[in-house]
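Going by the order they are written in, the chains are A, B, C and D; count residues from 1 in each one.
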Amino acid sequence: MNDSNALLAVQNVKKYFKGTKGCYVKAVDDVSFSVTKGETLGLVGESGCGKSTLGRTVLNLVNATEGGVIYEGRDILKLPQREMRMLRKKLQMVFQNPYSSLNPRMTVLEAVRAPLDIFGIGTKEERFERSRDILRYVGLDEYQMYRYPHEFSGGQRQRIVIARAIISEPDFVVCDEPVSALDVSVRAQVLNLMQDIQKERGVAYLFISHDLSVVKHISDRIAVMYLGKIVEISPKEALYDRPGHPYTQALLSAIPIPDTDIVRERIILKGDLPSPMDPPAGCRFHTRCRFATEECRMKEPEMRFDESGHGVACHRWKE
Amino acid sequence: MKDNVLLQVSHLRTQFETKEGIIPAVDDISFTVERGQVLGIVGESGSGKSVTSMSILKLIEKYNGRILAGSSVKLEGRELLGLSEAEMCNIRGREIAMIFQDPMTSLNPVFTIERQMVETIVRHKKIGRKAARSAAVEWLAKVGIPEPEKRIREYPHQLSGGMRQRVIIAIALSCDPKLLIADEPTTALDVTIQAQILDLLRKLKDEVNAAIILITHDMGVVADMADHILVMYAGRALEYGTKQQIFKNPRHPYTKGLLASIPRMDRMEERLFSIEGNVPNLLKPVEGCVFRERCGYAREECGGCQPELLSLSDESRVSCLLYEKEAKESAHE
Amino acid sequence: MDRKRKENVRNSFWRNTVQKFMKHRVAMFSLVFLTVEILAVVLLPLLMDLDPYTTNVGCFSMAPDDRFLLGTDDVGRDVFSRLVYGGRVSILVGFVSALLSAVIGIPLGLLAGYYGGIIRMTIMRLVDIFMSFPAMIIQLVLVTVLGASATSVMLVIGLLGWTGFARLTYSKVISVKEQEYVEAARASGATNFRQMFQYILPNSLAPLFVQFSFSVASAILQESGLSFLGLGVPVPTASWGNMIYSAQSLSTLVYRPWMWVPAGMILVATVLSINFIGDGLRDALDPKMKI
Amino acid sequence: MKKFLLKRILIMIPVFFGMTILIFVLSNLTPGSPVDAMITADMTPADIEALYVRMGLDQPLHIQYLKWLGRLFQGSLGYSFRTGTAVTGVIGERVGPTLLLTGTALVLAIAAGVLLGVVAACKPYSIWDYMASGLSFIGAGVPTFFLALVFIYCFAVKLQWLPTGGMYANASTKDWMDVAKHLLMPAVLLGISMTGGYIRQTRSSMLEVMGEEYVKMARAKGMREKVVLYSHALRNAMLPVATQIGMSVPFLVGGAVVTEQVFGWPGMGSLMVLSITYRDYPVIMGVTVYTTCAVMVVNLLMDIIYALLDPRVRN
């Protein structure tokens, strides 16, 4: 991995939550990756794997237990609160549920203008014009600006949330399952909008989702998470053509394809996700892995990379 | 051919009365399910797919919902909509069983698995509690629950989501129903667990020889499981056909658009096709075809009324004026 | 023009609420009744010659007639005047006590909900302690300590009523705090202060208004209960509760209903109408309820 | 389950200390001191001083509190100013009648509340629904004493079905039927004041539970409507009702004071009012200690019942 042109580098981030009986839930456990300017890094995993926590930790919305996030040469996890607050202009977030991520007591205009108000950008008139322009850009008419969120459909709300996230011209936006709550026929609209924004404004996304087909569509690179760890990270073509980790392989084969001709071998994983309170020793996936050996039970695999930047954390993988 | 028909739904219309007006949640839906077959009903939220399944079981909320006269649901030729509540109770769970969407909330949290399974078996099979209990343990083993003897004594909150969905499947199949309605059985589950559950359903389907109505919004799941597919939109059936026909040669503009707008695992596309606009509000009925406002092919005639389901062949029907000519031709043949 | 339109729509939540409330017939009727009643107890003494204190010698326990609209009590005081003045006391006690409870309870609940940790622990344990006390008993003890007067009754009811507000605010705040829009505000760089007052509090207020109305009703009831026991607002000051106190004697109860029935009826009507207003308010503020 | 119980009991400890401290502070605020009753005219100031020392009143407050607590645990609550007998004895006579009254009222209130609440939820807009909301409005809006007066006027004075007050017609016979007759009106009235809340809670939680998926699933399994409602739904709907009942017990005590006073029921409530008029502080504090402890015990019982109802709390 070349960190030289990285926009944002996440280094050995850990986030442990206090669980019951003094146990710790290791939601994110020693994760490193970087995001380059204008790219989309997809982050996939099943529920409970820690992907949402990771997204929030990267933005310092939850306090990391350990590790750092380097942005513009500074570790933002160690910034004083005030400076961190000002930096949020450049690091924004889009949430999963468009129904709960807008304040029901604020009009759409107020909601979208909020970041400008908070950072005191421009004069009152300028802020108004910018908000209006950005709302137009995401496809809302001017007469809709004074309405309240409940008057909009899910797709429209998600457009508003996106407008709010990009109005302060961020470099990096964490998108936490931005289309999961939307109807199938509306998803494509939002995905296309996000791609257009990226093309025109050069913003980088960390796109978190459980849906591999959506992640594949929008991402340049993809990271796969399992029980708080990244088990595979790779440019998307390589990941889909030659998945290295047995978990990625199972995940890919588990997705039903809307086509009747394609017959694939299915890898059906046995059992449930182990509890993140008490993750298995050694490789965390060994309890469900077809290929697990004694080594996997004992020793935790290191992430190894090949020259194309395809990294896999598995003892069996030959680069 | 006709003997093979297990369930025949014709002109089903279900409405809900709310303070803002009447919601025609299901509006004139007809389809048949054959023995041992899987019918996939596909639609987005608000398309009426769940209401259809609840109408078949006559479980529509009484205080504001009703199934309109002229609707008919026949199970093996027997009209269900005319049955009394007591007779319906004997059908539910016995002849037609149901699996719900969210395994986290569909089991009663204050009862053990044992109690919830045994009460169903005792209710329908008229056997003693002891026999019912051993049948229940057997079913738990069949749906792949490890240590069924121990698990049966546990409460739902002690099981994971996937395990609970297995229990629900075991309850549904424990009385050998002829028809299983699965309403989004895997939506609340993770992909790897979804694969397990779909695999299980496929295996058990052959074993118990039940027909399945699989309700889902996920085109991938129906492609995987279904024999026939019914596409619903805003309470209407827009297209019906075999799985091959729907995926290879979708006819209705909505089906076409829907298939094109889904990101695919097996392809790389730069940009997705997107259907413009939003799902219509059922309170404000669209004039004419329900898809007209979002349809690229909409013409003036589309504003009249919802087109009939036109038969294009034995197994293919579409509700769209574009196919009028074709339908006439096929009728002549 | 533009600004004007903006102002109009800005109030749309409250306008919507008012519209919904107006459609609630019982609540609207109650509101009208209560308004008329409050106006009456405030204005009637200014307009009419009402004297609740003078004992009219020779007019003890008189049945209603032209001179005494509702008769006189056992020491010859005009019952109607006492009813009006008693209304002033009872309603005032109700509102002031409820306000006192709210002023104590809401900030404590907000603090406990927003900050959590030791602050939450302390405040909520305190709530537990107060809620396990039989309020009536403690009120009786406190009134004996403070000495019976309208002021001490207000204080006692208000001081013991804060737990309801604290609990409600707390539970509302912790649920609102988890909403994604609060996190979104934080992600957009909003300060704690902005998050609390622009995002959390406005979305927590609705049930507190409802709680306030029920609190007023409950305080009026508590005051009347204390006064009925002879331990609340002391005579000669009139309150509805101590007017009914007289009916503890069986002869008054049976033969002189004018001394206690009007006070009881007006008390019931007031409490019920405040409760109805609370109900209407709850329905109107519930976003799930449509008109 | 054991762990859960232990946790609940541990939580009670700070509550207990908080309560006793508050009561102690209150008792110190009350005018006069325990010594006042013992002072006779022929005592010199030195004698009085010695009395103070003997009573431990010269010591700092926290020591006094601990001593008071110690005496409390030994069951000593001092001597009544009014009768000169031990407070425990004075209260002891009153506990039985109060428990009888509040217990009966609580049972009636819960029975009526749950029954009407369930029927109201299952059959909205039926006569039962209207009755339930009517009763809940009466419970919430009509003060008990006023309703009591109306009841006495109707049933005791006009119809003469029931006695106007007291506990026995003839204290020496202690005939159960007679007690029941005397009990009926106060218990029903106290019950009505409590039942409104239970009706509302049962109705709303029943309605909420009936929309749950597992109820739909029970129907889809072919369970008869009765089983669905009274086994699947009711059991879940009772959880918040149990909480509500637990939280309402302090109000039951308050209501008992008023009811006992109106009906001359010889319980702790009327003792309280009597003691207040006589400024009999040891008895006042004694009653306060007794009732708060009783409330705590009832709360613990409700916690246990709740755990029995809900397996999620148990493990």
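Operating definition for what follows: contacts are C-beta pairs under 8 Å (C-beta built on N, C-alpha and C of every residue); 3 or more make two chains touch, one makes a residue touch a chain.
Predicted model only: the values in this text are computed from it and were never measured.
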| item | value |
| --- | --- |
| For chain B and chain C, chains touching each | A, D |
| Pair joined by the larger number of C-beta contacts - A-B, A-C | A-B |
| Whole-Å gap between the CA centroids of chain A and chain B | 33 |
| Computed distance of Cα centres, chain D from chain A, in Å | 55 |
| Euclidean distance of C-alpha centroids - chain A vs chain C, Å | 50 |
| Separation of mean Cα positions, chain D and chain C [Å, integer] | 24 |
| Chain D partner contacts - residues on chain C that touch it in the complex | 125-126, 128-129, 131-138, 140-142, 144-145, 217, 221, 224-225, 228-231, 241, 244, 247-248, 250, 253-254, 260, 264, 267-268, 271-272, 275 |
| Chain B-facing residues of chain A, complex | 46-47, 153, 155-156, 183-189, 191-192, 195, 210, 212-214, 216-218, 237, 240, 250-262, 266, 268-269, 272-273 |
| Chain B to chain D touching residues, read off their complex | 57, 59, 63, 85-86, 89-94, 97-98, 100-102, 105-111, 119-120, 123-124, 155, 157-158, 168, 171 |
| Interfacial residue positions of chain D with respect to chain B in the complex | 124, 212-214, 216-225, 227, 232, 235-236, 239, 309-312, 315 |
| Interfacial residue positions of chain B with respect to chain A in the complex | 44-45, 160, 162-163, 190-196, 198-199, 217-224, 243-244, 247-248, 257-259, 261-266, 268-269, 271-276, 278-279, 294 |
